[in-house]
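First the structure, in the form of structure tokens, and then the observations on it.
Order of writing sets the labels: A, B and C. Residues in every chain begin at 1.
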Amino acid sequence: MRGRIGSFAAGVAVLAVLLAVPHAMRPYYVGLVTKMLIFALFAMSLDLLLGYTGLASLGHAAFFGVAAYTIALLFLHAGVGGWVAFPAALAAATATGAVIAVLALRARGSYFLMITFALAQVVWSVAFGWRSFTNGDDGMPGIARPDFGWSLDNTDAYFYFTLAVVGVAILLLAAIVKSPFGRALRGIRESESRMQALGYDVWRYQFTAFVLAAAFAGLAGALYAYYNRFVGPEYLNVIQSAEALIMVILGGAGTLIGPAIGAALIVFLEDYVSSMTEHWVMVLGIIYVLVTLFAPRGLVGMIVDYRQRRSTP
Amino acid sequence: MTALAIDDLCKNFGGVTALAGVSLEIGVGERRVLLGPNGAGKTTLFHTISGNLMPSSGRIRLFDRDITQLRPDERARLGLARTFQITNLFPRLTVLDSVLLAVGGANGRPLRLIWPMSSYRGRYEEAHRLLEQWGLAGTARRVVRNLSYGEQRQLELVLALAGEPRLLLLDEPTAGLSPAETSAVVAMVQQLPRDMTILIIEHDMDVAFEIADRIAVMHQGRLIAEGDEAAIRANPQVTEIYLGME
Amino acid sequence: MIWVIHILNGVAFGMLLFLLAAGLSLIYGLMKILNLTHGSFYLVGGYIGLSVMRLTGSFALALVVAAIAIAVIGAAIERFFLRRFHLDELPQTLLTFGFLFIFADLSLWIWGGDPIMLTMPQIFQRSVPMGYFSYPIYRLFLIVVGLIIASALWWFQEHTRLGTMLRAGVDDAEIARALGINVSLLFTLIYATGAALAAVGGVLAGPVLSLYPGADFDTLILAFVVVIVGGLGSLRGALAGALLVGLLDDFGKAFFPEFALFTVFVPMAFILVVRPTGLFGRR
């Protein structure tokens, strides 16, 4: 009971701080925090797959990018706006997730890694190569933010919009993770064969988790497309998938809140490093190595471990 | 009705024949122990019964239903449960969470994201009851990988029992246990409801004779003897195999 | 006639892919590591060869230096980083992924962003007449080299004790030690060898394919497709998969240049549906 009140209070505190952001910070930083929120959602969606179900995907950006491209294509080729574009983007991301899941779940372990990696690259290659449709490497600029009654053009307005959407998504994710379904995912992560022996149709659970993760990643991608007012193949590339992955690991896989913190950190680091040097990718690689060597369980993961050890007689 | 009927089961791995035509029938409520030296094919037989391995040929029927092509989870939902020779638990989950999963499993209910609150409470109570019944009451909040080996073996058993199986497969339940722990396991098995059919792989002859109604002896992928205690003790082939090993 | 050219091109490219896939499979087969850094070994190996050629003009020297340099780098990575996570899959993946990025950025820094090609060595600067057309001798050379290396690896796998172990997929260090093999040295050697093979692939590719930032990822993906189709851990699979992917990639680029990756993706999807462990994969 104490734990529940504690995390509720913490949640309220965080929310209060976030609500104050547009009043306390300059537009550039409000934009940065918006980006942190978007990537927190992206990272948490991957956590559902990696941290809770135990499926390490190296191609999560595929769903992020497919949703973003759907937004862009609908707007720039068909003039379609927010009300239709959002659901369409989610549907596209979910469908892509289903297709990739069916193929990737034919295997486990290293094969699964390779397949998700390769399939995401295939999606990227379509975006990159189909110049007539997607403009290829130049990307698709000029996307207008949706108008749901009041304009979201203003940085502050978009911040609140993002906060609302991400907030609801986080509540949904938390509910999923706490539900019997979420508990079953954790069992699958720990031992697939044991869960099978207990009567669980493991493939169905993994497939559903994968598709859900794709959907939430797609939501983040849609938000990001409107945030930048631009979509390019970099939404789909390895680096994007790699950033999502390190956000989860750095924060702590399987904790949901950890990846959100990891996302904020990585977004901040990228912004900071990129302002000083062109070598963000190298820094990213170094972060990978350092985190793996010194903090493989992630920041929040280490706290959880410490608590677990203390409670053992 | 027979609980388990195995018909000429064969399993080949490349050039190696692990099972060379095993046929076996176990009646409902029977306690059957499977004896045999290492490499006789006992665990392979278990894996084919539970569905972890597909046989090369032959049929398996569970309560008169052909399960040869079914997946492990489908068989579990038909009332089959097993323990594993190498402890197969959920290392980072708590004991309580593990048992909750076991309680929720065999129902075979499809994915439920939203669960009625009453069922939640029901599951919790069932889980606690199981832990109490099988002597693990104090461990509910402990993380599985921090348990002692004996406690883990106990939990292995509890997980299998949680679904109220009709056929229980126990794979070397007393392996690596102290004499006291072994007696506890024997007592546990003897307390199980009489309508539960149990097939046990055992190494320890004394334990085998204590639990079993009938015994089956395997050697090199074949069933070479079957019968009650007296028949097995009197069987010259059996003595030869076991004496040869000592 | 044009088909023959495409087939030869495909086989030649397949041989390059084979060098990468063989290294990947070798490393995975013994050490159960999926070496994501393999793409870097290819590209950086190629770049090192390029620099050596610029300095000395010798292609042979480029090959040797690149192979040795990458082998040393690979050995260092294995010895100081990967070794700590024996059999722990995720950390190994993360480490090799991290190095992939580090090398990607480093090579961009050192060799720049423009695609470059190695100068074709003099002896190969001609074509061999074949029926109605002539075919560049270099690609034939690639095919020959590929076959020689494949045979050498095959011989090693079939006729040495070590090879038999690798073939059996023995990952039990105890058994290996009982057979008198220094397991830690073996791991380092195997990793270094795999890396060297990739580097050789990079240098050999230099005169016909360009080296560019991103070639590490692109080639790694193709190598993945090769082992998915052929089966991870199998030498035969690496060769079969490489030839198949090489041919498909060439035909794809020739007939559907915007979607080349798709022609390669289709058999991969097919294999996954029909035989997930690959043509010659285990389990």
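We take it that contacts are C-beta pairs under 8 Å (C-beta built on N, C-alpha and C of every residue); 3 or more make two chains touch, one makes a residue touch a chain.
All figures in this text were calculated on a predicted structure; none of them were measured in a lab.
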Farthest chain (mean CA position) relative to chain B: C
Core chain by centroid distance, with centroids computed from Cα atoms only: A
Mean-CA-position distance for chain B and chain A (Å): 42
CA centroid of chain A to CA centroid of chain C, Å: 32
For chain B paired with chain C, centre-to-centre distance based on mean C-alpha positions, whole Å: 46
Numbers and ranges of chain A residues touching at least 2 other chains: none
Residue ranges of chain C in contact with chain A within the complex: 28, 32, 34, 81, 84-85, 89-91, 93-95, 97-106, 108-109, 217, 221, 224-225, 227-228, 232, 257-262, 265, 268-269, 272-273, 276-277
Footprint of chain A on chain B - complex, ascending: 50-52, 71-73, 76-77, 81-82, 84, 88-93, 97-98, 100-102, 104-108, 110-115, 141-143, 146, 159-160, 162-163
Interfacial residue positions of chain A with respect to chain B in the complex: 175-176, 179-181, 183-184, 186-187, 190-191, 193-202, 204-205, 208, 308, 311-312
Residues of chain A that touch chain C when the two form their complex: 56, 58, 103-104, 106-107, 109-111, 113-115, 117-119, 121-122, 125-126, 129-131, 238-239, 242, 245-246, 249, 279, 281-282, 284-289, 291-293, 296
